[in-house]
Structures are given as C-alpha cells and as structure tokens.
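Heads up, the next two complexes both have chain A, just with different partners, chain B and then chain C.
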Partner chain A sequence: MKAHTRKILDKSFTGMGFMSVILLTLSLVIVLGPIFVRGIQAFLFFDTVEYRRMQLDLFDRGDPEEVKAELDEVWAERRFIYDTIAAFEEQVENEEIENSWEYPEKIDSLNDSLKALFGPRPDEPEPVLPRDRYGETRWDRAQQTFKLVMYKEQWDYSDPSAMGSKVLVPRIDSFRGTTVEQIFPYMEENLEKLMLPEFTFYWQFLTDKSHDIHFFGGIGAEVLGTFYLVIGTMLFAIPIGVIAAIYLAEFAKEGKIVSLLRTAISTLAGVPSIVFGLFGLAFFINTMEVSQSKSVLAGSLTLTLLVLPTIIRAAEEAILAVPKAYKEASLSLGASKLYTILKVILPAAMPGILTGIVISMGRAAGETAPIIFTAAVSVGQPLGLFETLNQPTMALPWNIYNLVTEHEAVDQIRHVQFGMVFTLVLLVVVLNFAAIVLRARISKKLRG
Partner chain B sequence: MRFFLTCVLTALTLMSMSVVMAADKIVLDGSTTVGPIAKAFAEAYMKENPDVNISVSESGSGNGAKSLINGACHIADMSRFMKDKEFAAAVEKGIMPVAHCVALDGIAMIVHPSNPVKAITMAQIKDIYTGKITNWKDLGGPDVKIVMISRDTNSGTYETFEGLVMKKEKIVEGCEYVGSNGAVRGRVQSTPAGIGYVGIGFLDKSVKALTVGGVYPTKKSISSGKYPIARPLFMFTNGYPKMGTHLFTFVNYYLSPKGQEIVEAIGFVPITEY
Partner chain C sequence: MSQTDAKNVRVSKMQLSKDSIHQKKILNPETEKGHVISEDFSVFYGNTEAIVKANLSMPAKKVTAIIGPSGCGKSTVLRAINRMNDLIPGCYAKGKLIFDDEDIYSQYTDVVLLRKRIGMVFQKPNPFPKSIFDNIAFGPRLCGIRRKSDLQEVFEKSCRQAALWDEVKDRLEDNALGLSGGQQQRLCLARALAVDPEILLMDEPTSALDPRATSKIEDLIRELRGTYTIIIVTHNMQQAARVSDYTAFFYEGVLIEFAPTSELFTNPREKKTEEYITGRFG
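After this line comes the complex of A and B, so read on.
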C-alpha cells in the first residue's frame, strides 16, 4: 500500500470514529435531555395555594396561620366568581332571562371546570378521596386547566368523509349578554391572585409516601424498595459471584465440566430477564417457598441470578489480570494458596471486581421483568428492614410502568412519572459514575 | 474476607429473624378493573390502621384466581366470577373461595373523541370483533378502517365481553390485545380509528363512550340492568375471614358508607344507595 493511501485511510478512520462519538453524544442528549428537563419538574416547580393546603393537610408542612391567611385571600377573590354564578343561577331558575332552559347544562359544565381548577368550595362537604379535595396544585397544570375553564373542548363532525377535528369554543360565548360574562375577563386578569403561584423546591419528593395513588406526595416507598432490592441482591450475589470467580480462575482444571460451566455462565448472561422472573416465581416462591407470596427476598434472589454472570466474569477477568509474579512471590515465601488468594490476589484484583459489582447494582436497580412476579406491587407501605423477608414492595422500575399504563388518571400525574424516571436514571448514572471513581482511586492506591 | 463473612452472616441473621417477625399484612392480587377500588380501599384502610401493610398487584383476574389457589394472596380481585375449573382446583388444594361483591361495573365501548359515531348495537359490536364490519363507514362514520383493541385472554373484562357480547364466538385475527384497562384506553386515545372496551371507572375526557343499544353507561343504567354489558366486581377470600381480623374488616370495607363513597368517587357503581 502506498504511503498516501494509508494516510487517507487513517484519516477517514479517525473521522468516522469522531463522527460516531458525536452521534453517541447526540443520542444521549436526545434520550436523556427530556428526561432530565421534565423529571426535574417533579422537584422544582411553581406550586399554588392548593399545593400548600395539601401539604399542610397531608404532611403537616408549612405554617397553618400563613396558609389560612392565603386561603382567605384567594377565596375572597374567588368568592366573586361563585357569587356571580349563584346569582345568575337564581335568575335562570326564576326564568328572568330569555332562553333560560338552555343555561343549567352550561352552568354545570362551567362549575365542573371551576372545581377542577379551584377544588371544592369551603362550604361543600369534603370529598372522600384526596384527589377530589384540592384544586390544581401545580401552576403549570393550573394554566392548562384554566384553558378548559375559558374554552370548551368540542369536536366538529361536519365533514362526513373524515374524522372530526377538535375546536375550542370560548365559554364566554355561551354566556353573552348575561352577568356571568364578566367573570371570564376577571379570571384571566386575576389568575395569579386566584392561585398564588410560588416557586418551590420539593426535595421531599424522594422521601414522601404517595397519597391517593400518586396524585399527591412522593416516591419514598419506591426508592426505599429499590434500595432494598439492590442491597439484598448484592448480599447474595457478591459472595457467590466472587467465590465462583476464584474457583474458575485459580482452582478449576480445564476440562469438560469446567468448559460446560463457563458455557452455562455465558448463556445465563444472555437469557432474557422475563425468563428469570418466571423462574423466580416457579422456583423461589412456589417450590422453595422462601416466602408465602411475593417478597423482597424472593425478588433479590431472582435478581441475584440475573447479575451473577456479570459479577463472575468481571471478577474472573480481574483475577486473571493480576501478574503471575505476585502469586509466585507470595507462594515462594511459604504462604498457603488460600492466604495468597485472600491477601495478594484479591486486593490486586479489587478494582475490576468492584467495577463489576457496581455495574450490576445499576442493572439490579433498573430491571423490571424479574421483579414483576417476585417482588413488586403497585400499592403497599414502605417496609421495615425485617418485613423485607416476607412482604412485597413498591420499586421504581415496576411502578413507572404501572403508573404509565395502568393508572386511572395517567395524564394528570405526568410529573410523577417523569420524576420517577429521572430518579431511576440518576441512580444508575450515579452508580456507574461511582464505579469509575472507585476503580480509579483503588488502582491509584495499589500502584502506590 | 472479613467483608464477605460479614455479608454472609448478615444474610443468615436476616433469614433467621424472618420467623420471628410477622407484621399484619394483607396481600391482594388480580383484576386491573378492580385495581383502582382495591388501591383506594388499601390506602384508606392503611391510613386508619397504620400497623397493617396491604399490598395490591394488578395482574388480571385469571392470575388473581391462581394466586388465591396457590395460597399466594389473601384476596383475589376478580372482574368475573370464578370458573368451575378454578373452583375445582381450589377445593383440591383445600381452599374455599368465598365471593364478596364490592361494586357494579359496566363495560363501556370506547372510541377516539374525533370519531363521529355515537351509537352502536350489541350485534354491531359482535360483527366488528368477528370481522364482519371492518369500516367505520358501515356505522355511519367516515371511510376509515376499524382498529380493534381487546383485553388479553387472562382478563376478567375479556371473559365478560366474550360471554355477553361475543356469545362464545371467536374474536377475529388482527385484533390487538393489551394487558390492562389503562392500556386499552391509552391505545384508543392514540388511535383515531380505534375501538376498545374498558370498565366505566376508566372513562375520562380523552375517550368517548358509545351508547350500546341506545343506552349510555351510567350508574343508573347499569344498576337497573338497562345497560347490556354490565357485571359485578368481586373480591374472593379463602373461606369467610375470621371476625375481628383485619382481613374481615378490609374485605367488608365496601359495606361502609366511606367504602361506598370511594367506589362512587372512582367512577364505579356502588351496590347500595348508602
């Protein structure tokens, strides 16, 4: 090959490498960007007076006096809207206006939309479910709901050859020429005074229990459950995995059985995670009966099977990478084989082993399929340490799926869903980052 | 080594402690239709009794029955009655399923709100799902191919639908099966030509319920039997729970005014006028 062809090839190769790095970064930004931007809104957002009332009621947070003063303030403003509607209703009932028959339905629809925004009036009986007790607690949601107060969503089916299209009809049009007409510009001008938005940092989202199935509150039970699962998995996986790696690297004599073992471990790494889930249900719960029903213990054992290949491989590679001279020096000084492994080889292999462990922690935290049948539930209490042995838990990956597909009000709790995804991604990123730092620090220490 | 020894020892102590610690717990599994009721009851009950841990999973009526038979749950949420086979399997294992009807439900036929079709008849639904009607044109809508969405065969909603509407005739191939009520609604929400069916607790503004045979699914039309695709929702226990236990109080929670109010607030039909 001529020198300049080689140069061109070389350059194009560098160029392609550079391109793929750029592509990778871009796709990361595209995937993670929205998660971070929307996820952070579960923590940092503009709340409304309804939020502060909810926090006081459900979590005992905030100054009761202050909240009461704020409530008095907003209801003084809201009073005008409700009074106007009530006066108009009376007029309608007494048939003092033209076409009074057509108004009750419109008033009902208006009242419903107001209830969604402001919550029930103080003189109404308290609804039984917390979700109906408060108006919009977030300013971004309040603005959306306010749009539905100002405009009525209707569908236009006038074209028979196609599906209908959405039209927004200003609600004010249905009340033209009546006293109610004035409340619409009034609300538009005073929306902030009606809701009192305020910037808030809701860090307790990470630790709070959910109220009324994630309508309010945080994801404390899920975060705790995920930690339990990860820690439980590591308790089983680290000893088994490292001991297996030591055996394979130091003791096993190459033969049919050992090569079969290796094949088995590699195959295990390629088994789809749902298979582990079903196996866990059939083996740990139905056959071994480690617990009566789903439990953190059964889930941890199942996840252990899932991460074992990763840990064994990482540990074996790390042990094999320790220079032979270390081992020979130790043995020549009269140390036993076990002593050599524990005191010389394992410490030298520690960075590699730890990396494998931390990466598999990330895997265990994020897997959904293995815990569907063995550990995860959609509603439950945060568990005490010993309850993990026989009780199921909520966990981030499963509850994200559950909230997005099975929740009865998916659209109203988008911020919770994104907050959960954000937390999970952050957890995995932090774990992987920790792996890198740990590895660097230990290898630096070992080098002296 | 000390680290690993600590790990193993901790694991062993944890295991040995498991026998000693047994907090009050109630495990529910089953129907995704009964799910919202079960979840709301659980939250309300746990608020009144913080020492009880009630866990709810939603995996479908069939799985709920299986769990109860295997002794893996205390209460099986079911949106249909137990089948003969399931009863036989339960009795064989020494489990006596007892039904508690917690609410009434109608199965609403839902379409995308942009769909101009407002009414449908039982025969037409059957024709759609058997593949005889394939275009919205035949129902007075635009010339668009119908996209059928159904629950999976493990679902009680599916079995009710199969029994009441399909009359045991097979759903045609090409129908899309999804795993929960929420997922059916989600699919219809994103598919302008879609049709699906969900429990009325899952109706909201994002989808449009059709009248079936001229009757709209409301609390009144369902409890009076006028709406044709209606059914009771059950919680099954193993035998009748012992009086005074949390299981007894919880499974009878639907009888309390608060329980009935919750059922109604979620959108299902309470059994009494409370």
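After this line comes the complex of A and C, so read on.
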C-alpha cells in the first residue's frame, strides 16, 4: 500500500471515530436536554397565590397573615368577574335578554373553566378532593388553563369525510352584546393581579410527600423508597460481593468448579432484569417468605442478585490488579493471609471496588423490573425504618412509569413526571460522578 | 541437548552434590555457628528439580552471598528460607533446611512466626502504597504494638539503621511511593528491620538501583553485619566480593562451591567456579 492511500485511510478512520463520538454526544444532549430543562421546572417555577394557599393548608408553610392578605387582594380583583356573571345570570333567569335559553349552558361552562383556574369561591362549600380545593398553583399551568377560559374547545365536524377536529372558539363570541363580554379583556389585562405569580424555589419537592396522588406536594416517598432500596441492596451486596471476589481471586484453586462459578457469574450479569423480578417473587416472597407480600427487604434482596455480578467482577479485577509485590512484602513481614488481604490488598484494590459499588448503586436506584413484583407500589406513605422489613414502598423508577402511563390526569402533572425523571437521572449521574472522583482521590493517595 | 547429554548432566550434578556434602566443614566450629543449615535440601517446581541436594551452612551474624548465572536457583534457595516459595503453586521441598534447630519445612512450622524472624528485601523496591510511617509500622503493628510512642520509637530506630532517618524525618505522612528508588529500597530494608528479625534475606536488592543508591545499600549491609545474619543473592560478583564474608556458588541448581569469599574469588577449588568468576559463562 502506498503511503498516500495509507494516510487517507488513517484520516478517514479518525474522522469516522470522531463523528461517532459527536453523534453520541448529540443524542445524549437531545435525550437529556429536555429532561434537565423541564425537570428543573419542578423545582424552580413561578407559583401563584393558590400555591401559597395550598402550601399553607397542606404543609403548614408560609405566613398565614400574608397569605390571607394576598387572598383578600386577589378576591377583591376576582369579585368583579363573579359579580358580573352573577348579575348576568339573574338577567337570564328573568328573561330580560334575547335568547336567554341558550345562556345557562354557556355560563356553566364558563364557571367550570373559572373554577379550574381560580379554585372554588370562598363562599362555596369546600370540595372533598384536594385537587378541587385549589386553582392552578403554577403560573405556567395557570396560563394554559386561562387559555381554556378565553377559548372554548369544540369539535368541528364540518368535513363529513374526515373525523372531527378540535378547534378553539373564543368564548367571548358566546357572550357578544352582553355584560359578561367585558370580563374577558379585564381578565386578559389583569391576569397577574388575579393570580399573583411569584418566583419560587421548591426544593422540598424532593422531601415532601405527595397529596392527592401527586396533584400537590413532592416526591419524598419515592426518593425515600429508592434510598431504602439502594441502601438495603448495598447492605447485602457489598459484603457478599467483596468476599466472593476475595475468594475467587485469592483462595480458589483453578479447577472445573471455579471456572463453572465464573461462567455462572458472567451469565448472571446477562439475565434480563424482569427475570430477576420474577425470581425474587417466587423465591424470596413465595418460598422464603421474607415478608408477607412485597417489601423493601424482598426488593433489596432481588436487586442484590442483580448487582452482585457487577460488584464481584469489579472487585475481583481490582484485587487481581494489586501488584504481587505488595502481597509478598506483607507475607515476608510475617503477616497472615487474612491480615494481608485486609490491610494491604483490599486498600490497594479499593478504587476498583468502590467504582463497582457506586456503579451498582446507580443500577439499583434505576432498575424497575426487579422491584415491580417484589417491592414497588404506586400509592403509599413514606416508610419508617423498620417498616421496610414488611412494607412495600414507592420508588422513583416504578412511579415514573406509573405516573406517565396510569395516572388519571397525566397532562396536569407533567412537571412532577419530569421532576421525577430529572431526580433519578441526577441521582445516577451524581453517583457515577462520585465514583470517578472517589476513584481519582484514592488512586492519587495510593500513588503518592 | 540430546537425551544422553541430559543424563550426563544429571549424573554430574549428583557427583557434585555428593562432594558438597562436606562443605559444612568450611565454617570454623569454634567461632562460627551455622544459622541456616541445609542438609540434602532440594526444591522442586512440579517435576523440575530446581535445587539439587544442597548442603550448606550459613553462618550467624555474617554476610553470605549466593551467586550464580540466571536460572541457577539462587533466588529459590533464598525464598526457601522464609518459605516464600509456598506462594508458587506446585513448589515443594525435600531434605532438611534447619533454622534455629528446627526444620523450616517441617509440618509443625508456623510460617507466620518464621517470617517474623526472617526479614526479606526484594529485588524491586516494594513499599506499600501507604505513608512512610505506616510502611515501617506495618510489622510492629502486626506484632501487637499499638501505642503511637512505641511505634515512633521503632520507626526512628529502624530508619536510622537503614540510613533513612534524615531523609524522611520531616515527611512521615507522605506516601512512600513518592520516594526515589534508592530511598524506597532503604525503606523496605527499614521495614524489614522494624520487626527485629534474626536473618535478613536480600534478593538482588540493588539490581533496580543506580550506582549511588547501590553503594549506599552496600554500606548498610556492611554496617548491619554482626547484628544480623544476612543472606544476599546477587548477580554482581564484585558486589558479592565487596560485602560478603562467605559466598556460595550455584550452577543449574547444584551448589558447586561454598567458601569464605576471599578464598572463593582468589582461589576457587572447582573449575566451574573459576570459569564463572572469570566471566567465561553466565
């Protein structure tokens, strides 16, 4: 081959490699970008006066005096709208205007949309469900709901050959020539005064328990559940994994049984996670009966099986990578094998072992399938420490799935869904980052 | 090498080892006592006989050098003394290797205790990836010394013995791997001395060092003579001549000659020895 062709081949290969790296980065940005941008909105957003009322009622946060003053202020503004509608209703009832028969339905629709935006009037009886007690608590949601106040959704069947399509009709058209007409421009101009948006940093999103299945509140129960699962998993997986790795690396005599063991461990790493879930249900819950039904304990045990191969592999490789010279030096000084392993080999292998551990922590935090059958529930309370032995828990990965697919008002809680995904991704990223930092630090300490 | 040739070599090995049985008498029985005595001692790697029936008596508180060409088994002899050969799968020994009236390879020997009494310095400096202090305190801690002041005392003593004190006294907490090669080797020496062993084994301790560091180690060996029994394996005949009192010459696993160093280098009895020290092979 000529030097020229070789050069061109080299260059094109480098180019291809570079391109694939760029492609990977881009797809990462495309996937993670929206998650980060929208996920952050669960924490940082403009709230409304309804949010502050909700926080005061449900979480006892904020100054009651101040909230009351604000409520008085907005209801003073809102009163004009309701008064106008009430006066018009009276007119309709007394048939003082033309075509009065067609208005009650329109008024009901308008009232419903107003209720969704502002919440029930102070003089109304308090609704049972928390979701009905408050208007829109977030400014971005309020603006969307306000659109449904200004425009009415209608189905357009004008084209008989097509399916009907949804169209937005200005609600003001329904009330042309009446007194109600004036409230629409009034609301449009004064929306901020009616809702009092304020920038807020709702960090308690991470710790608050949810009210009325995630209509209000945060994801505290899920975060706590994930935390329990990860800690529980590590409690089982670290000792078993590291001891197994020590055995394989230091004690096992190469033979048929050990090579079979190694093959089994590698195979275990490739088993689909749903199979682990089913195994956990069949073995830990039905056979061993570690708990009556799903529990954090059963879930942790199942996740332990899932992450064990990773930990064993990482730890074994780390132990094998420790220079023989350390072992010889320690033994020559009269240290026993156990002492050598504990005091010399394990510390030197620590970076590798820790990396394996932290990566499996991320894995345990994000894995969904194994906990479906063994630990996760959609609705529940944050657990106390000892309840983990026999109680199921909510957990981030499962509840993300649940909220996105099975929640009754999927559209209204987008911020919670994104907030949860963001939290989970952040958790995994932070764990992996911690692994890198820890590894670098310990390696540096070891290298001097 | 054809099969008959191989047989011949084996036969000649046997003859040589028979001769060497008498070499115990090299030591002056009135002033010198054998500290490590081997009697028909053989080491096998699987089916290969790495050491063939060596008979040797290494004197106490003297420096004994083991020389020979690569692969002649000199490191095997050394590592047999503190049973580091146990780490090699398939390695076993026959015959007797006596240390302090007890057979090192007896089934009753506590290897851990044995190694506490027999320190070792390796070919490549191998400090632990810990602080300088922790490196040297490793052995004492193993022996159950926990008090910081006691440890410090041992640390200073062994550092001074290894001529390391002035260089490390201000950086006890630094990582040992930050030291230079020569310093690391002296640290390993100090680490071995910190458990106060009776015998110090050195496996080509200067082969990875530059001439300056080498001469420092050699000075140390000369200083430690009289306090410890030192057995040193070396590639370097000049080094053996410089530091040792006795020299053993191994060739293909057979102890060819064991004699006071001055005698062996000036007036070797065996032809092989002469050939080797004059550089005709090896």
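A few remarks follow.
FYI, the second predicted complex is superposed on the first by the 446 of 448 C-alpha atoms of A that agree within 3 Å, B and C clash if a C-alpha of one lies under 4 Å from a C-alpha of the other, contacts with A are read in each partner's own complex, and residues count from 1 in each chain.
Throughout what follows, a contact is a pair of C-beta atoms (placed from the backbone, for glycine too) under 8 Å apart; a residue touches a chain by one contact, two chains touch by 3 or more.
Note that the structure is a prediction, hence the values are computed from the model and not measured.
When both complexes are overlaid on chain A, chain B and chain C end up sitting side by side without clashing. By the touch criterion stated above, A:A348 is placed in contact with chain C alone, chain B being left untouched.
Shared-chain residue A:I213: touches chain B; no touch with chain C. Taking chain B and chain C in turn and counting the residues of chain A each one touches, the greater count comes from B. In the superposed model, A:S332 lies in contact with chain C only, and not with chain B. After overlaying the two complexes on the shared chain, residue contacts for A:D132 are found with chain B alone; chain C is out of touch.
Looking at the shared chain after the overlay, A:P323 reaches chain C, while chain B stays out of its contact range. By the touch criterion defined above, A:W75 reaches neither chain B nor chain C. When the two complexes are overlaid on their common chain A, residue A:L446 makes contact with chain C while staying clear of chain B. In the superposition on chain A, A:G384 makes contact with chain B only, not with chain C.
In the superposition on chain A, A:Y186 makes contact with neither chain B nor chain C.
Nearest C-alpha atoms belonging to chain B and chain C sit 15 Å apart in the superposition, given in whole angstrom. No residue of chain A lies in contact with both chain B in one complex and chain C in the other. Against chain B, the residues of chain A that register as touching in their complex are 127-129, 132, 153, 155, 157, 159-166, 211-213, 235-236, 238-239, 242-243, 285-286, 292-294, 297, 342, 346, 376-381, 383-384, 386-387, 389-392, 402, 405-411.
Note for the complex: chain B touches chain A at residues 1, 4, 7-8, 10-11, 14-15, 17-18, 20-23, 25, 27, 29, 32, 35-36, 38-40, 42-44, 46, 53-58, 67, 70-73, 112-116, 141-144, 179-183, 185-186, 192-193, 201-202, 204-206, 258, 261-262, 265-267. Across the complex, chain C meets chain A through its residues 82, 84, 87, 112-117, 119-120, 122, 124, 126-130, 138-139, 142-143, 174-178, 188, 191-192, 195. Residues of chain A that touch chain C in their complex: 323, 325-336, 339, 343-344, 347-348, 445-448.
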